[in-house]
Amino acid sequence: MPLLRLEHVTKRFGGLVAVDDVSLEVKHGEIIAIVGPNGAGKTTLFNVINGVFLSDGGKIYFEGKDITNLPSYKRAPLGIGRTFQIPRPFGSASVRENVAIGGMFGTQGHRMNVDACMEMADRYIDLIGLKGHSGKPAGGLTPTEKKLVEIARALAMKPKLLLMDEAMAGMNPRDIDQMVELIKQIRETEKIAIVSMVEHIMRAVAGLAERVMVMHQGAKLVDEPTKEALSDPRVIEVYLGRPPEGNVADR
Amino acid sequence: MVFDQLMGNLIQGLILGGIYGMMTMGLSLIFGVLKVVNVGHGQFIMVGAFTTLWMFNSLHASPILAIPLAFLIGMLLGFICYYSFVKKLLKGPELASLLATFSVGVILEETVKLIFGSEFRGYNWALGKIKIPFTVLPYTKLIAFFGSILIAVLLYLWFNRTRAGTALRSVVEDSEGARVCGVNVDWQYALSFSIGLGLTVASGVLLTMFIPVGINPQMGGQYTLKAFVIAVLGGLASPYGAFFGGLVFGLIENGSYTLFALLPHVEPFALTRFFSFVILLVILLIRPTGLIRTK
Amino acid sequence: MKNTLTKYLPLAPVLAGYLFLFLVGENLEGKWQLIAMLAFYCALGQAFNLFMGMTGYVDFGYVAFLGVGTYGMAIVISRLSDKGLGLWLLVIGLLLAIVMATLLSLAVGAVALRLRGAYFAIATIGVNEGFRYLIEGARLWGGSEGIIFTAQLNEAFGREFANVLATYWADVALFVIAAFSAFLTLFYMRSKIGYALTALREDEDAAKVMGINVTKFKIIAFITSASLAGMIGAVAWALKLTYVFPPDVFEIHYTVEAIIIVLLGGAGTLLGPIVGGLIYGLSKYYLAVTLPGFQLLIFAPIIIIIIVLFPEGTVGVLKKRVQGTFLAKIIV
């Protein structure tokens, strides 16, 4: 049984079709990259999976359960975690509290009291390398640090599926490599599936994802293992644009 | 006979509603453009009422002259408030602007109380009455009604036929896009806020033409509530929706008062005020964005 | 055990403060009235802070809960005074006050708490007026004439003790309520409820994505805050004045004062309401001598200044200063 299954999911905003009849599957422990230009509908897709928006058509199944109309706060304890493109930590709370909140209402929340969540938070803060910042208000961190806090917070939820929205946007190549390593490590230790949304970052896709999905104008264009995707002309077109008429560069 | 009474009631309700509608347009305009709810709305109306009072009693000036003066006072207050703090609060949490506008209302109420005292006052602009089918109307109410319509029409024309109005509409649609097109978004915000307040204060004048008694510093609160009901009825962000919402509300308020007056063991005036509040809750429950869809 | 001690340590300065106030009132000649007023404002602030401070939502109709609480106590005393219940009369009155406030908060909350920010404010701004006009319009519980129950209170307790109740024990009860509210506040802050409220105050959508049922927690805070207000009304208005009159107990200016106190002191902090209550209460008291009736006119612009420049309030600013030091553990 796949972890996540979308069947013909559609989301419209007025006349604009943001997600157009998308069907996909994510298996337990997989790492998938979703790529596509701005406005391709990637964030909306995440929002629909998360329950921030309810879909206008189609069905969503998580571990076989139909979650299509479930409100977002009920999807989290099932095991869906999320980080946002522009990080949204709880600014006035400390880093430690932020991460602990993830634990309090996540999949294990019902068995953990506040103290246990704080302890778990410390472990995750260590993992992401922000140990010294544990007591600081999250609002005062740098954007990269905020991203890491969000990841730790999402991990504290002990999700089975982690949706990472543009986790590497705006980073320099060295940070990207570190992030790639972190994500791989997360997958190993936490045994979760990760769907990562990346706009143009080839290094991230190549080094990380087992499968690549390309979205364009709300629809799924391509869905294949990374090796094939890297040489698929449709994928290349998304990244590099259509070559000048009648002239394909020699490879 | 009953039909006559009903029709008379209907007309009175519509006339009242026109005033109510105009009274709410400023609120909707400000929310539509700046996404700010002016919780001190009623107090601005009160300022308009007192302006009329003062002009009539002290300067012996016709209330009609009070309208443009009130509008200017509103605009002045608007610019002062916008540039001193509203602008800074636009990016912050909603709570901040709510509390700030609320505080402005408090300041206005306390200041007026200080200058004029808390007693109830009124003025007497005796112009006589006119007999129209089904009912009798004082000329003042008629003037107030047509004044309201006129102002609503002028606003419409300004929005849709002038460059300035178009610039404003563009900001509502897409502030970033408007900025890119060279529209000074900040100035548009300031302008909308001020025009909104100008409309509100001016509506206070028209209100007193309709109800020339009971003018006191605390009168604002009840109109804030009524305006909210009307705005929610008509769609919080739409000034035109507000106008039509006002008409509907005027009918409901007038009708319910007549109805309650027929029941034993109740106070119809108080019960009508309670009823207005219930309407608000019901609408918010069903469709918070308004029952009337207008743009 | 040690952990619990550290967790509840911040309660120490609160309780110490209230104890100090109480002792001042007891021992200084003629100051009890002032102390009683300060206790009222601290209690009001503490109760209001539990909702506005912790959720970030403003309930503009808050005074309605004090009002119905007043009615709860008034109804019980006026009707059951001849049943020989002794002090249980007051207990029942208090319970009815709490029940009525809770019911009203459920009714209002059912509509208002599903709404976001501005719409919530709109929904609540008419609650106090609306309820007042219900009472007057439907002629409930004495209608616009209210209830006067001085005689019944005298009947139940004898004139002398009734007087002591109204002039002393009612105020002591306020201290107890204020302390209890502080305890509840800290209890919430240290539990998942508090963290959920912090999350939803900061970013409601992100909170939902983290699995927080924001409506549930808003309701918890709302009801708690409302019940406390009911208790305050029952004690500070009903018991103390021995009458209830609709226009008085649904007056919006008490909500204004509550807002001032919470913002001044620091919304969402534990110590904030006490600091705010003291500053506001003392200012009002001493202004009454020099510039009577001016206090709202002076404080309303101060609110605007606070919102723009110091939104975290006095204690909020203090917290930032002591961050990382030992004091951070007790200034919360």
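Labels for the chains are A, B and C, by order of writing; each one numbers its residues from 1.
The rule is short, and it goes like this: a contact is a pair of C-beta atoms (placed from the backbone, for glycine too) under 8 Å apart; a residue touches a chain by one contact, two chains touch by 3 or more.
All values derive from a computational prediction rather than experimental measurement.
> Measuring centre to centre with C-alpha atoms, which chain is farthest from chain C?
A
> Can you identify which chains form the pair with the largest number of contacting C-beta pairs?
Looking across every pairing, the one with the most contacts is B-C.
> What is the distance, in whole Å, between the centres of chain A and chain B, each centre taken as the mean of its C-alpha atoms?
Centre separation, chain A to chain B: 48 Å.
> With centres defined as the mean C-alpha position, give me the chain B-chain C separation in Å.
Here the centre of chain C sits 32 Å away from the centre of chain B.
> Using mean CA coordinates as chain centres, what's the gap between chain A and chain C in Å?
One centre to the other, that is 44 Å.
> Spell out the part of chain A that touches chain C in their complex, as residue ranges.
Interface residues on chain A, with respect to chain C: 50-52, 71-77, 82, 84, 88, 90-93, 97, 100-102, 104-106, 109, 114-115, 135, 153, 157.
> Under the touch definition given earlier, write down the residues of chain C that touch chain B in their complex.
On the chain C side, the touching residues are 56-58, 60, 111-112, 115-119, 121-123, 125-127, 129-131, 133-134, 136-139, 143-144, 252, 256, 259, 263, 293-294, 296-297, 300-301, 303-304, 307-308, 311.
> What residues on chain C touch chain A, complex-wise?
3, 190-192, 195-196, 198-199, 202-203, 205-214, 324
> Help me check something: in the complex, which residues belonging to chain B touch chain C?
Touch list, chain B to chain C: 31, 35, 37, 39, 85, 88-89, 92-96, 98-100, 102-104, 106-107, 110-111, 113-114, 221-222, 224-225, 228-229, 231-232, 236, 260, 265-274, 276-278, 280-281, 284-285, 288.
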